[in-house]
Amino acid sequence: MKRRIALISTGGTIEKTYDELSGVLANKVSVLDVMLASLELRGVEVQRMQLMNKDSLDMTPEDHTLIAVTAQRMAEAMGGVVIVHGTDRLAVSGERLCELGTPRAPIVLTGAMRPYELRSTDALQNLTEALVAVQLLAPGVYVAMHNQVLQFPGVVKDPRRGTFVKEPT
Amino acid sequence: MKRRIALISTGGTIEKTYDELSGVLANKVSVLDVMLASLELRGVEVQRMQLMNKDSLDMTPEDHTLIAVTAQRMAEAMGGVVIVHGTDRLAVSGERLCELGTPRAPIVLTGAMRPYELRSTDALQNLTEALVAVQLLAPGVYVAMHNQVLQFPGVVKDPRRGTFVKEPT
Amino acid sequence: MKRRIALISTGGTIEKTYDELSGVLANKVSVLDVMLASLELRGVEVQRMQLMNKDSLDMTPEDHTLIAVTAQRMAEAMGGVVIVHGTDRLAVSGERLCELGTPRAPIVLTGAMRPYELRSTDALQNLTEALVAVQLLAPGVYVAMHNQVLQFPGVVKDPRRGTFVKEPT
Amino acid sequence: MKRRIALISTGGTIEKTYDELSGVLANKVSVLDVMLASLELRGVEVQRMQLMNKDSLDMTPEDHTLIAVTAQRMAEAMGGVVIVHGTDRLAVSGERLCELGTPRAPIVLTGAMRPYELRSTDALQNLTEALVAVQLLAPGVYVAMHNQVLQFPGVVKDPRRGTFVKEPT
C-alpha cells in the first residue's frame, strides 16, 4: 500500500525557469509537476501543496514560520512530508521545524544547486532521494540531497562545496 | 564521513546500449560509469566491481550463486552493497542471497525497465534510490526501484505492471 | 511568408519507440509530432501526412511506388516535400522518385541511424536539416542527413559508415 | 569531399553556462565544442576560431568591425564561414559585413534565444541549420535560425517574437 505524503513547494533554484526575453532564471512557474511526471512513484501517493514560490534569500521570518508550522501540521495527518526549498535559507526552515518539536512523521527538506531546466541539474536526483528517504526514516527533520541524508538540528549549507554538512558539535 | 559501499554490476536492461548497425539494444559496454558521473555522491564512496554483463534471462544457476556469494562477502568488509541486475531474474538472486543468511550490511538490488540510453529511462531514478537506501536500511536484502524499497524474501516481478511487488503471505 | 510543405512519414528507425514489455524498438507510434514540437519552425508551414509506419526493410515495391507517386503529387501543390523514411531502403524510394521526372518543388528524404528515443539520436539533426534544405534547394530529389545534402540519382547507403554517399559515376 | 569552413565564435546566449555559486548564466566557457561533438558532420570540415566570448550587448563598434573583417578574410580562403553571435547585436555585425562587399563564400550568422545548457535550448537547431545552409547558399551574408534563412542587408531582430525578420523595404 502506498504511503500518503505531502509535498510542499516553496520555490528556490530547483523550480527556476528561464525567461528568454530578460535572459535570467527566475521563480515563476512550478516545474515540480513536470519532474514528478518523469518519475515512477509506486511507494508514495503525493498530495501537492504550493505554499509559495520564492528564492529563499527573499524569505522573511514569517515565511520560515509558515513553512515550519504547515509542515508540522501535515506530518500529523500524513505518513511523511517533503519540502522543496531554496538552499540558501533551507537550514533556517529546518531549525525552525526542530524548535516545534519532533514531528509525528518524517519531514524531509530538499532543493537543488542547478535548476531543473539545466541539463546538468541535480534537481531530479535530490527529489528522487527525498521521496525515498521519507519512506525509510524515523520521525524527525532531515535534508536529503546529493546522496546524503542529514538530520536537523545542526545542519548548515557549505556554500564553497555547494552542499549541506553537519556542523561539528 | 562517507560510507564505503561495493557496487556490483551484472548487466541487464539498465546497462544496454544501442548498436546502430544491427538496430538492437544489447549488453556490451557498461554505462554505469556514465550514470555515476552524472550524480553527486557525497554519502557513499563507491568501489566498482564488474562481475558479468548479462541479460538476466541468460543467467545460469551458477551465475546467481556467484552473485549472491560475492555480495555476501563484500557485505562483510563494506558498509553496504548495491547490485545492478536485470529485472527478469533479479528475484532469483535476491532469494539466493537470503538463503545465505542475513548479511552483515544492507544489500540493495536495482535495475531498470528502460535502458539508460533512452530519454524515458528509469535507470537513473532507480540507481539514485539504491545509493540512498543502502545508507538508511538495516542489514538485509532489498530491491529499490520505482520509489519503492521491498525486503526479500518474498519479492517478485510483476511483469504486467513492469515493477516489483511483495508476494502476499 | 512561410513556405507550405508536405511532411510525409513512412516509418523507419527515426520513429521507433521502445516497448518495455518485449524490450525491443519497433515502429508503433509516430514520434514525429514530438520532434516537430521541439523545433521552432518559422520558415515552413508543415502539412503532416502519415502514409505508413514501416521498417523500410519490410517495404514492398508497391510501397516505394506509393511513396514516390504521393510525393510527386504533393510537390505539384506545395512549396516542397520532406519524406521521413527508413534508411535501409531510402535510396530505393529516391530512385523511384527520379524515374517519375523532376518534381515541381524540392523533395528531401531523411531518416535516422539511431531512434529519437535514444539520447544519442541523430533524428533531430536530420529532420532539422531536411526542413531547412527544402527551402534552399532547386526542384529535384535529395537526401539530407548528417550535415550533408546529396542529389538523386546515384545516392546509396554506406552501411559500414552508417550514412549516405554519392556513387562514383 | 568535405567543404572546409571557418566557425567563428563570439559568445552570446548560445554559449552561456551556469555558475551555481552566483546562480546566473554567463559567458565563460565555450560549449560550442560540446555541441559540435553531438552532431554528425559529414558535409563540412570545421576550422574553429574563438574570436571573443561576449554578450553582444557588451560589444563595441570595434568588436563588430573585427568580426566583419575577420569573417570576410576567412571567406576568401575557405568554402564558407559560420559565425556564432549574441542575437541582440547580431544584425549590427551582419550589416557591417555587407558594407565590406559581397564575400567570396557564404557567411552565415547564427545564435540562440535559450542557452545550450537549457533542456529547451534552440542552440542545436540553429547551429545545425547554419552548418547545412553554408553548403547550399550562394556567396552573401545571412542569418540562419529557427528554420529560417534570411539575407542581409535588412534583417532585424524582432525582440517580441524572439527571432529575426526581414525589414519591409
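Some notes on this structure:
Every chain is named by a letter (A, B, C and D) in the order it is written, and numbering of its residues begins at 1.
To be clear about the criterion, contacts are C-beta pairs under 8 Å (C-beta built on N, C-alpha and C of every residue); 3 or more make two chains touch, one makes a residue touch a chain.
All of these numbers come straight from a predicted model, not from anything done at the bench.
Taken together, chain A and chain D share no touching chain. Between chain A and chain C, the least number of touching-chain steps is 2.
Seen from the C-alpha centroid of chain C, the farthest chain centroid is that of A. Rounded to whole angstrom, the centroid-to-centroid distance between chain A and chain B, based on C-alpha atoms, equals 27 Å. With centres defined as mean CA coordinates, chain C is found 40 Å away from chain B. In whole angstrom, the spacing between the mean C-alpha positions of chain B and chain D is 46. For chain A, the set of residues that touch two or more other chains is empty. Contacting chain pairs (ordered by label): A-B, A-D, B-C, C-D. Within the complex formed with chain A, the residues of chain B that make contact are 39-44, 122, 124-125, 128-129, 131-133, 135-137, 144, 146-149, 163.
Residue ranges of chain C in contact with chain B, taken from their complex: 13, 18, 20-21, 23-25, 113-115, 117-120, 159, 162.
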